[in-house]
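Common to both upcoming complexes is subunit A, partnered first by subunit B, then by subunit C.
Up next, the complex of A and B:
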């Protein structure tokens, strides 16, 4: 109620408001100023109420887990904790165990290869397709949006389908290669320690292409045609136009796509669990899947938390890049 | 965000199709065929008769629906569970995100920057970290294996995303419309409910559709926060299908097709909302 009077005052016109203020400077009563101030405070409180549910939710489902994970990583938190309620403080023991285990270097390397390979493949193919779809041809819009499908499918569905396609004995890929006479016997895409990681990266590239394509295509459309027209007068066409016009103009979008891609890929779990479950012989185990296995297969929640925190730190390094890149994008 | 997205679309459809450009169309169809082969293979395999896993034919010339019968029989309940959880997640996400987006876009509240920063940072937090901590908390609260528990957890992806999408839209809404309502005597809540929300309908639909898809596709929380068969989303059902040695791919693929329906509906029926959703969460 007080809010409406507040508004009608300003609506009454700047002249009267100014006059009233000037007047009140000399003869304001003791009660008037606090009343206005409390009115403002109440207005601000009301505005905050719109934000409160979101703040509470974010605190409970992001803030709390992060804090809880840090605490757990210093505790011996196991299944027995659920019965006894005791999780003894163990200092850095979990970190020492996790980081010195021979599996850590494997999963760190796998995480790096998985992320790097996925990002590189998704980005290069996505950019190539985005440039291709810049051409004007019939059905362009429909075909481009149909390409989004791999990105919209639930990840576990994609994993299931690819697991079937990559099957050694009856998978479609081996049958196709066999029919072409390229191979004689089936290639164990997902069951060979040397091929599984490559196969998993390949599937993740497939999933990420539509996202890269869409964002990069949007970025390309932002580049004014006049630049290319001016460039072609100076002899900049084809590859030279790309190097001197497209790439520099696209850089802000590129940095956002790459950093987002890295942050999302670091935490991928569904695809790897669905395709190989981290195997064979840990050849596709990443930090994320290893953290999952520690917590939910071995029930060493403290160690799982410690490894999860390592992943958070790696992500945060990239998050800094992301925030700088996105701030630049927002500023423009 | 919206203006940025509309411009390219219009520019493209305005192009007059040139006859020789059909060559590019053919090339694009080729790319599409390669990219969508796995989707085709899923549908094809789902229509093959059971027991012929070794020689799945390239075309479903004699479509057989036994796979679907098995899928609905074994996974029907899980599909319903997924549907309930996803709809609940949409309701919760929009109820929390829409007012927050309004506050961030329209009121210049102190601390708004902090909230936006927290939203951006939240996207960096690996789901496994959230799941690890939630498991122990859910265990204490008795929320494991429960629909409300999964709705709350699945909204962790939807709420930050929805806030960004809706806020980006509301940023472009003329303040005068809201001020006019306020001058006419409407309170904050009424102005929000009867002016702001109806005007933001498109962004609410976009956010809602994607929130649905996020919850529907969730696998991690289903995997970690459910331990019995009481509450089992279909993603977990598929995982258990492929976890064991599979000898009935037509049923697995039929389940996969059924689980893909929301994505396909989104792609076909809600075309114009997708572009907004794809870029909205990422760039701004």
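Up next, the complex of A and C:
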């Protein structure tokens, strides 16, 4: 955010300077102009200097990998490349291979379902909890901090624990359902092609709730109480208060949460690898997991990079939405 | 004076910037030490980062270092990150002097040119089992040698089998009958791992290979029959469908808990099994389709290599260490403590006699095949097809024949 303001200031700089210069030419002597101009130039130089660390950092840690990944996707990049440095150009061959593979449509569909399902679940539950915690009741703070727990756990730990919970034969969930008399035989949560994706989405929702809860709760705190008081005088309480006060006031936060959520979820890797490894029979394979497998299991780095770039392009679409949404939020 | 003081840090920085790469490249690539006496330390990298293997291998390395007159600077990394680390190091020319690799990965690294052929150092390859040499070879040159190896076989719970009046199976029909009979309540007859990783492929290889299946072309009758066996076992409920998601460690846990009467697994699980004294278990070869077929098991184990670091003196010392790790004495000592099998056939009979628990594995090693023997660095792609076919058939998404045909065509 500060970066944007810096940029807008520097962008506005020349315009005001030009106006001032025109003005000064009329009223002041010619000798005063260059001195003033050089001071302005020095100031502008300083402004740019403050940007240098950020720009260098971005170029080094974001620019380089992205460019490298794009270059890699047009090369026959193998394990030998690491030692010899030789990677022949192959044009679009890697893209053709990954996009025409029979697995691509499966991965794309799974990615869409996984992202959509996760976002929907995380957001709705997160918002409901955020509203719930708006009320004042004992243990509110403690409960709220307990709900943050999934966020604090390393993803690899969460996935290992859930893998045990969801095991067909000895998993806690099936035992619980069995004890309640709901089921007779274990449900193959992670080993049935029709259930695995649902189970993985469920776990990812569990992981994503704290993020949604925290941001939305923060957004709710920003809404002035007076609005609700005034609303209640006009008869807007409960659902109507939510529709006409909470939702419109929360809108900028909501758009940021949703877009960030989509970008995070598109690239989820650890959870799926930890729970199912993309199985059974590729039913939980997403573009992210497939790209990982191509690069690091099959050593087809070029194809992995090409598939990774496909994912980057999809994320970029949402990133543009995010930038527009956040700019509007700042403007407002 | 003042100006000199001011310039000195700059001069130092410039010297450092120019000098450091020179020193670094001097260590890494140019033969600075010409006599072997100059080499005092050898760097080693391996993935035995868990006890007790970490100490066992550390002891062997230390002993071999003493013999070669060098100290060992050892780095252990987690198994999953070894290859990416090796690739990084090969691009920055900072490979260790001695490098351990899992045997199916040797092809990938040898193909890069990062390893030195062991013949350059006159390391003897006499008496090694054929499969062991083929696992360590890339394009007819031996690049790595494994002091000890392992494979997989069929473990069975003696008490459960005796109670059910079942004898350990030797053919597929016997295996199916035994597994069905041993399935009762929350106890499954058999446990194996069919997960979508190379582990799933590895566990399937014994039935595929023993029946004459070929990894180069998987849509054959022989492989289809093998996959049909795996599918039947899951379909009739004698193997839990959780096998689609289990690792070999999960399979061991099921067996330990008495939830599986038999399991496909390797000797590295023996220490865990022996920790439970109430468990009486035996080990037989994984059944073949018809009596008379030879059981062919896949060869597991890690090979030790000498990377091309460019420093001849250090490489020579590193080769001494690798040769020492593969000496008869070290092979026997390591095999005994690590529950693995010496890779020299000349040691096998004596070893099997002294370690009856490992007798079946020792027998299997004589004919065990390397996963990369036929395919070389094409193995990962083909192994992916095999586990994809297994998963497709076991989930019922396609018949074994169709699953194999689809996967082969991918």
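The rule is simple: the second predicted complex is superposed on the first by the 267 of 332 C-alpha atoms of A that agree within 3 Å, B and C clash if a C-alpha of one lies under 4 Å from a C-alpha of the other, contacts with A are read in each partner's own complex, and residues count from 1 in each chain.
The criterion applied here is as follows: a residue touches a chain if its C-beta (ideal position, glycine included) is under 8 Å from a C-beta of that chain, and two chains touch if they have at least 3 such contacts.
Being a predicted model, the structure only gives us computed values, none of them experimental.
Once subunit A is used to superpose the two complexes, subunit B occupies space that clashes with subunit C. Of the two partner chains, subunit B is the only one touched by A:312; subunit C is not.
When both complexes are overlaid on chain A, the residue A:107 reaches neither subunit B nor subunit C. More subunit A residues lie in contact with B than with the other chain of the pair subunit B and subunit C. When both complexes are overlaid on chain A, the residue A:286 reaches neither subunit B nor subunit C. In the superposed pair of complexes, A:94 makes contact with neither subunit B nor subunit C.
By the touch criterion defined above, A:265 reaches neither subunit B nor subunit C.
Residue contacts after overlaying the shared chain place A:246 against neither subunit B nor subunit C. By the touch criterion defined above, A:296 reaches both subunit B and subunit C.
Once the two complexes are overlaid on the shared chain, A:170 sits against subunit B and subunit C alike. Using the contact criterion defined above for the overlaid structures, shared-chain residue A:72 touches subunit B, although it does not reach subunit C. When the two complexes are laid over each other on chain A, subunit A has residues 81-82, 163, 169-170, 277, 296 in contact with both subunit B and subunit C. Looking at the complex, you find that subunit A touches subunit C at residues 78-85, 101-103, 163, 167-170, 188, 190-193, 276-283, 293, 296-300. Subunit B makes touch with subunit A in their complex at residues 4-5, 7-9, 11-13, 15, 17-18, 21-25, 27-29, 31-32, 35-39, 41-42, 45, 53-56, 95-97, 99-100, 102-104, 107, 109-112, 115, 117-137, 139, 152-153, 155-156, 159-160, 163, 182-183, 185, 187-188, 192, 213, 216-217, 219-220, 223-224, 235, 238-239, 241-243, 246, 249, 252-253, 256, 259-260, 263-264, 266-267, 271, 274-275, 278-279, 282-284. Residues 83-84, 87-88, 90-91, 108-109, 111-114, 186, 188, 195-198, 240-245, 257, 259, 377, 380-381, 384, 388, 391-392, 394-395, 397, 406, 410 of subunit C are the ones that touch subunit A when the two sit in their complex.
Subunit A makes touch with subunit B in their complex at residues 3-4, 7-8, 11, 44, 46-48, 50-51, 53-55, 57-58, 61-66, 68-69, 72, 77, 81-82, 129, 132-133, 135-141, 143-150, 152-165, 169-170, 172, 206, 209, 211, 214-215, 217-218, 221-222, 253, 256-257, 260, 263, 266-267, 269-270, 273-274, 277, 288, 291-292, 295-296, 301, 304-305, 308-309, 311-312, 315-316, 318-319, 322-323, 326, 329-330.
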